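Heads up, the next two complexes both have chain A, just with different partners, chain B and then chain C.
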Partner chain A sequence: MSNLLEVRNLSKQFSAPGGPFRKARSMHAVNGVSFDLPKGRVIGVVGESGCGKSTLARLILRLVEPSGGAVTFAGEDLLAKSASQMRALRAEMQMVFQDPYSSIDPRYTVARAVIEPFEVQGRKPDGSAKAEVEKLLEMVGLDAGLASSFPHQISGGQKQRVGIARALALRPSLLVLDEPTASLDVSVQAQIIGLLEQLRDDLGLTYLFISHDLSLVKYFCDEILVMYLGRVVEALPETNAPARHPYTKTLMDSTFEPDPKLRRLIAPLEGEVPSPFDLPPGCAFAERCEYATDICRVETPALNETGGHPVACHNPL
Partner chain B sequence: MTATISPLGRFARIKNRSLGALSRTSVGRAFSSWIGKIAGGFIILLVLTAIFAPWIAPFDYAAQDLMNGNQPPGWPHLLGTDEFGRDVLSRVIYGARTSLSVSATAIAISITAGMTLGAAAGYFGGLFERVVMTIVDLTWSFPDILIALIFVAIIGPGLTSTTFAIAIAYLAQFTRLTRAQIVRLKRETFIEATINLGAKPHHILFRHLLPNAIAPVIVVGMLAIGDGIVLEATLGFFGLGAQPPTPSWGAMMSSGTAQLFLSPWVIIFPGVVVAVTVIAVNLFGDELISALDIRERLRGS
Partner chain C sequence: MSMLSVRDLGVAFGSIHPLSGVSFSVDRGQTIGIVGESGSGKSLTAMSVMGLLPLIGGRITDGNIEFDGQDLTNLPETAYRKLRGGRIGLITQNPMTSLDPLKKIGPQVDAVAILHLEMTPKEARARTEDILETLRIPEPALICDRYPHQMSGGMKQRIVIAMALAADPDVLIADEPTTALDVTVQAQIIRLLDDLVKERDLALVLITHDMSVVAQTCDKVVVMYAGRALEFGTVETIFDAPQHPYTQALIGCIPRGGDGTAKLDGIPGTVPTVMNYPKGCPFHPRCTRAQEICTTTQPEFTSYGDSAAACHFAGVAP
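Presenting the complex of A and B:
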């Protein structure tokens, strides 16, 4: 199986310029992230809010310009593309956004929103525009009668389905899902996840799934990347692999366990996430880690494969 | 879905559509309250009066009748005559033409220029935005009268300089409002989503940003027409606007000051018309703001 997406050492540094009354500051939102996404697979990226997972998604799609690294999509070096080449390539790689409430222009009807991708790319749908709208709405499980509705007339779950229909209109091969269910009710979440699974099977899609919900990622994905403050701290090759990084273990322990017999005592994480503006030297997690030793506070651990799957820890579990 | 609709339901839908055709537009909704009806009705009446002035005015606005100067309101001069015996009613009717056309033209120029500058500044940002906003804010720091005087000094007194003075006086307002809308809209997810579809900048700007930014600008433009009428009257009062014998409300009041105690009707009627027009424009503008539900967005800029 060939890799659809290869990400190498991808980084993004944001800097706030200094002024007469403040120091210039900079932060690494994403720091040296590398992974391969084979065709047809689903990789999940988990981490708490502010860890850089949404920025990572935008760097891969070049919605935010990376500071360093490389992104190869279907053998093409994305960062070498001109603006117009990039616009054409975007048809192949689409994104579903976290907030369905603001992801459709309030002045656009459902039909116009769903057909807009063709207009933008200067393409004609295979059949008539009306037939294409109906086909796309059916694909995402929406009634064709909703085509003339405005976004404020439909529910959040329906809006997210419209967002998915828009993303699928150009028949992309890669879909980046940025917390597609985070702002929906739990019952609607399940429907959207079910729809995404079915679409993957029907259309042979490859997903990059971004979420803060580890149990959802475990259910939905084939592989998991755990991020902490801009770095990948652990790459789980399969969803039931045991955690080797103390942070992953804490995340796993804090997921809800329906069977009371299997419930364990949850040890909540001590301390705060350090400010990304002035990261301490060494491992960013060291201050909150019960296994931390002296080396952790001095040297930043690299993603290391010795003794199992890749983990960035001096004292892996 | 269609199968479940009863004949009655279908009828209700069709009836709703034809009745709702006007009330569904935001201007239609502004007419729904009685304030909106009265204010909007007055504005429509005034515009029609201005358009059909030659057929409505009982006398020629410039015809002098020195024997019948300073006549009090009565017959045949309903609102009396001025010092030259010209019919005040006819001059007020023709004055509506001057006032409305100057104010509306000026605001149209101001909106066009302001939206272009504001949209470009908000969309491109950076140094360009700072340069544009600094220049625009500079125009705001001059009093309107001073801007008018500069134009009068350059191109001489008349309606052209009045028009440009009013246009420049309101330029900053439209530029700032448009820029604020664009900056706010640019952060919306649907803009990022459309960029990710591969949209070119002009598609983002003309299909998404400007159509969503236009409603508050139109309403502020409507209110500015009211202010523009006052400014036009002020400039006319100082003799910088319409030149005789072209009637303008401001110039009529100015010429009336000399006979304030002899024939007060010469100054009172144009003054009342200016006041009522501005109040009507403002009341209707308020109704429009409620109908469009954009009070929050106007406050933001």
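Presenting the complex of A and C:
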């Protein structure tokens, strides 16, 4: 199976300029992330707020310019492309955003929103615009009668379906899904996830799925990358692989089973996430880790496959 | 006798009735979960108990709310003020907006004990520091001197919990206390609430949309939909043998990772808005088992062991 997407050592450093009352400072939002996404697979990126998962998504599409590393999409080196070449390539790689309330222009009708990607690309749909809108709405399970509605007239779940229809308009091969169900009710979340599964099977799509919800990622994805403070700390090759990184274990233990018989005493993680502007040397998780030893506070562990799947830990479980 | 019991509660805003027929009760040392999707009336139930409806133009039209043997339904505002934030504490969903950004943490928490326990500022501060310490907040004295923006979301939620605890309440109402938080922080807060219920013998009303949180913490559950309670019972029966098709569907919406055998179906359609509550059973337009009778007649509760469901076909095999 060939890789649709290859990410190597991708990094993004943000700087906050200094002023009269503060020093200039910088942080690594994404730090040396590498992974391969084979065609047809679904990789989930999971982590808590501020871990860099959304920045990673934007770096891959070059919606945010990376500070270093390489992204290869279908054999093309994305970082070598000009803005116009990049725009043309983005027809192949689309994104679905978290908040369907703000990702669609409130003055556009559903039809206009769905057809807009063609205008951006300066292309025309194969058939008439009206037929294309109907086709796209049908693909995402929306009634064609909604085409003339405005976003405020439809529900959150319907809006997210419009968001997906927009992303599908140019028939991409890769969809980057950035928390596509985080603002939806559970019953609607399940509908959207069901739709995404069906679209993957029907259209042979490849997904990069960003989420904070480990149970959802475990359900939906084939492989999982766990991020903490800008780094991938563990790459789970399958969703029920046991955690090797103490942070992954904490994440798994913090996720409750939907069954009162499986209730367990929670041993909560102590301490707080350190400020990304002021990271301690060594492993960023060491301060909160019960397995931390001296080396953890000095040397940043790299992803290492010794003894199992890749984990960035000096004392893997 | 229950610490808090709500019977057949109905709420109206003008001629609109967003809430009707909601009943539940909770004892000391017990946690009841009120679960439902957005727009199901969970928060409105909390506001009714807190006596905050007049503030948003609503009124109680049916049923009653009893707290420790006292009827709250017609309690005058002056008496309510003594209870609210005193013997009945409230934890709101968003810790970012429930603290005053211009005031330091110390004075904000102190105010509760000064108001409800008539303490001097000095006594109140000592109490505040005690409470922060029981909530496992490091260096309470230092925290009292901070502003909300200097703290993380999880820490702010602990401060909000400290405020709710400051007047030594008997009942705590927690409205989506962990929805705005990360999972590891959610686990910390849920553990904290669990411990508080046991150590202080509190009655906790936990309002949430997350069935996993319910499974982890609650003793009893009320499932709400479109302003009505559709099913209630012990947490074990609700999860093991849910009778109402909505409860069954809601449990079916929880992603269970790993084996990949269970398919997520979702529930077709969307939660109705208050202007469009359906006639008959409120769930019938989305229900796979709906019959003629469901579109016309609101079902009564039928009991099954220690639970009850408002469905015409509860207990009937599909």
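Note that the second predicted complex is superposed on the first by the 312 of 317 C-alpha atoms of A that agree within 3 Å, B and C clash if a C-alpha of one lies under 4 Å from a C-alpha of the other, contacts with A are read in each partner's own complex, and residues count from 1 in each chain.
In this section, a contact is a pair of C-beta atoms (placed from the backbone, for glycine too) under 8 Å apart; a residue touches a chain by one contact, two chains touch by 3 or more.
Just so it is clear, the structure is predicted and the values come from calculations on it, not from any experiment.
Of the two partner chains placed around the shared chain by superposition, chain B is the only one that A:63 touches, whereas chain C remains out of contact.
Contact with chain B, but none with chain C, is seen for A:107 once the two complexes are overlaid on the shared chain. In the superposition on chain A, A:245 contacts neither chain B nor chain C. In the superposition on chain A, contact of A:187 is made with chain C only, not with chain B.
Measured by the number of chain A residues touched, the leading partner among chain B and chain C is C. Looking at the shared chain after the overlay, A:53 reaches neither chain B nor chain C. In the superposed model, A:117 makes contact with chain B only, not with chain C.
Of the two partner chains placed around the shared chain by superposition, chain C is the only one that A:255 touches, whereas chain B remains out of contact. Looking at the shared chain after the overlay, A:90 reaches chain B, while chain C stays out of its contact range. The residues of chain A shared by its contacts with chain B and with chain C come to none at all.
If you check the complex, the residues on chain C that touch chain A are 37-38, 152, 154-155, 182-188, 190-191, 194, 209-213, 215-216, 218, 235-236, 239-240, 249-260, 263-268, 270-271.
By the touch criterion stated above, chain A contacts chain C in their complex at residues 48-49, 155, 157-158, 185-194, 197, 212-220, 239-240, 250-251, 253-263, 266, 268-269, 272-273.
Residues of chain B that touch chain A in their complex: 1-2, 188-190, 192-200, 203, 208, 211-212. Contact residues of chain A toward chain B in the complex are 61, 63, 86-91, 94-95, 97-99, 102-107, 116-117, 120-121, 143, 145, 163, 166, 170.
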